[in-house]
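Chain nomenclature is as follows: A, B and C, assigned in order of appearance, with residue numbering initiated at 1 for each chain independently.
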Amino acid sequence: MEFFFEQLINGLAVGGIYALIALGYTMVYGVMRLINFAHGDLFTIGSYLGMTILASYAVAEYLGPFIGVLVLIMMVMILVGIIGVILERVAYRPVRQADRLSAVVSALGASIFFSNLVMLIWGPRFRVYPDDILPRITLNILGLDVPLLRILVLATSLMLMAILYFFVQKTKTGTAIRAVAIDHGASRLMGINVNRIISLVFLIGPSLGGAAGVMIGLYYGQVNFTMGWSYGLKAFIAAVLGGIGNIPGAMLGGLLLGVIEALGAAFISTAWKDGIAFIVLILILIFRPAGLLGERIADKV
Amino acid sequence: MLKHKNTLMVVAFSAAIFSCPFFLNAYWIDVINNVGMYAILALSLNFIVGYTGLFHMGHAAFFAVGAYTAAILNTSYSIPILLLLPVSGAAAALFAYLVARPIIHLRGDYLLIVTIAIVEVVRIALVNNVFGLTGGSNGIFGISRPEIFGFSIRRPHEFFYYIWSFLAVSVFLFHMLEKSRFVRALNYIKNDETAAEGSGVDVAYYKLIAFVLGAFWAGMVGNIFASKMTLISPQSFNFWESVILFVIVILGGSGSIRGVILGAFLIVGLPELFRQFAGARMLIFGAAMVAMMVFRPQGFLPPLPRKYPTHKIKPGDETL
Amino acid sequence: MTLLGIRNLTKKFGGLMAVNDVSFDVEQGKIVGLIGPNGAGKTTVFNLITGNYIPDHGEIIFNGRDLAGLKTHKIVSLGIARTFQTIRLFKNLSVLENVLAGCHCRMRSGIFSSMFRLPSQRREEKLALGRALKELEFVGLKEHMNLKSMNLSYGNQRLLEIARALASSPSLIVLDEPAGGMNDYETQRLVGLIEKMQARGLTVLLIEHDMNLVMRICEHIVVLEHGALIAQGSAREITADSRVIEAYLGIDDEED
């Protein structure tokens, strides 16, 4: 039973990170109907940028571990957000009017570009993440030994999600994002600058991915230039699981997928750990293609 | 006149290709062989992606099923690998039928992502040595060479003739199909699924057949691949193989046989010329994909409009 | 003789009764009009007949056979062809190939006979080509046959949809606002075309907002409002019906 709860908390921590990445997919899909394949690589870039900043500017020394990590995450979020905005301008805006396939291939191209850029800059091998920044403490909660890191990772992702949720639901700009997701033309008629909203989404989504990148580095202690692909794919599956385009859906899907994976690996088979997400995806698409929180949309004839 | 010119082009191209063994060394012949194999694979994917417009990025799974079928039956029961060519195709086709059936109604991006999932699940299953047949991550070795009339195909120069004749036959058959109601039906689906169904095309059936036929050919190439390498392992069938095939079809010219062959040369052959820049190669490749979609989304050689012998129809002729 | 019998047809979308207990007959060889204000459920009735939607209730009897639950392509092969309110052509294909799409369900050649160009396949292709040319001539688009269909004028695109529908050898053709977006001259030609279709022995069921056209050519008119049938009869009966007048008066007749 203890093992079960340990795995549950582990799953929630990883699931929180999935959820953060999934939000980027789901927001972009919401406003552009595009799977941003490069999103996973933006996550990787965030991870490596975090590593470089950590190694070169001892943030923790000046600011203490907790504030230091927060500042680090915010710096990475800004940098990756800017890359996201540039990506949209260069690779996606020109093909927005073309057919869907062009955008998909453009996104794949961007993904290949970024992952190889990371490889050229930081090298092809696994890199060790500076892990001495946070104290390695284990807390005892209700009789369970839980590493502090796990709690912090989960808390940080929940906090970021809460901020995003508030922003999208309660602010005027958030309303504009939701409007653009429903109809570009009508939004334009209502005086919304659609291009600016799409740029904003490409600022927010990738910045959350960048934050997730830093957290993955801290959580597992190592990073690799190809990791964006598998994390990206799993996060995308999380977004589909929750209902793509649906922000609470991505949060739920991410946490759920993290838990399913952790429990599946622990109780079914470790060897199939990476397959579990894909099997979940195949099942959900066959039985409930709109996802858990998505609405079914009838085809208009 | 145009027809004449096209025939001339095909003859010139074939002559150029089939003279390769006379002046290229084994290394470059092997490169050309790889181009040929990728070309056949991409042509088989062209049925699904090019003609039908389905976002299928899991083609490596069908290739894998064909290769493993050949490898297992050849190493365990010593069945000649060449005899297994249709068996590999049939196994891949059956597999495609089973996996495509429940997902065939999914649209666009959903299909894309589920086909990625399929190829990943297949790879993980191979690594985990399902049914104890696939040899896990080491794969299967000791696959025999193809033998024809007692002559064994071994060296790159010999494989060259095997692969490129297979390609030539495939191109001929696919070219014939392009002029039939079958590929037309696939094109209708690509243009507008609802209108196709409303005009009397059984959309679900034709999509499935596109998958099955594409997988059949991919399975046969899997067989050729197994006999060429004599050793196969899961990493030959990863997701990136699917991406490369997808990109060959899109950049070459989706739905166009000559475009797909050109695509195979550009994406598999061309990088060999720039091997000294190995590091930046993929970076440039990615950037080129983006640039291509921005500036020439239809690919290098998009399909030509089909010609119909309308002048041969006289007013009084019997009609359908 | 009744070619198409609609019996108690019902379709709900969520809480909305799109079609509510509608029954009417389409007699063999007649031109029948389905009219009603916006949102009356006309197109939904069409989509139910052609199998795009599955009815919640009721029967659609065509030639003595219930169509409910059959797939669209099957219904086409049984002899009901349609056009779409929002034009749905195969944009990137030629005009000729668009019409060949209609021939598809009357052809039999499979992959094997096509790969090897067997004589049966070549003969069938030639027959289909002849048919397609005949239908293009029928609607007056033969000289445009090599154009991409997206390059046709709006009115000609509607005619091409009709040619494509005719090529499937239907006994009933279902036209969803065939005159939509046409100018007066094109509408005139369309009227002539519909009459020619009737002369060929086809039964025509159409939705149209152009009341002039409906009153001129429809021998039987069915009026829907809010998903329910409120009147049916000849043009004269319909124009005298108080409920129809109420439903229509003061209501503009823009397209849906």
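Just so it is clear, a residue touches a chain if its C-beta (ideal position, glycine included) is under 8 Å from a C-beta of that chain, and two chains touch if they have at least 3 such contacts.
Note that this is a predicted model, so its numbers are computed, not measured.
Comparing each chain's Cα centroid with the centroid of every protein Cα atom identifies chain B as the most central.
Among the other chains, the CA centroid farthest from that of chain C is the one of A.
The distance from the centre of chain A to the centre of chain C, each centre being the mean of the chain's C-alpha atoms, comes to 48 Å. Chain B and chain C have Cα centroids lying 40 Å from one another. Chain A and chain B have Cα centroids separated by 34 Å.
Looking at chain C, residues 52, 84 sit in touch with two or more other chains. Residue numbers of chain B whose C-beta contacts span two or more other chains: 194.
Across the assembly, chain A contributes residues 301 that each touch 2 or more other chains. Against chain B, in their complex, chain C makes its touches with residues 50, 52, 71-74, 76-77, 81-82, 84, 88-94, 96-97, 100-107, 109-111, 114-117, 121, 124-131, 133-134, 145-146, 148, 164-165, 168-169. Taken in their complex, chain A has these residues touching chain B: 29, 33, 35, 90-91, 94-95, 98-106, 108-114, 116-117, 119-120, 229, 233, 236-237, 240, 271-272, 274-275, 278-279, 281-282, 285-286, 289, 299, 301. Remark: chain B residues 173, 176-177, 179-182, 184-185, 187-188, 191-192, 194-204, 209, 213, 305-306, 308-310, 312-313, 317-320 touch chain C in the complex. If you check the complex, the residues on chain B that touch chain A are 53, 55, 102-103, 106, 108-110, 112-114, 116-118, 120-121, 124-125, 127-128, 194, 239, 243, 246-247, 250-251, 254, 279-280, 282-283, 285-290, 292-294, 297.
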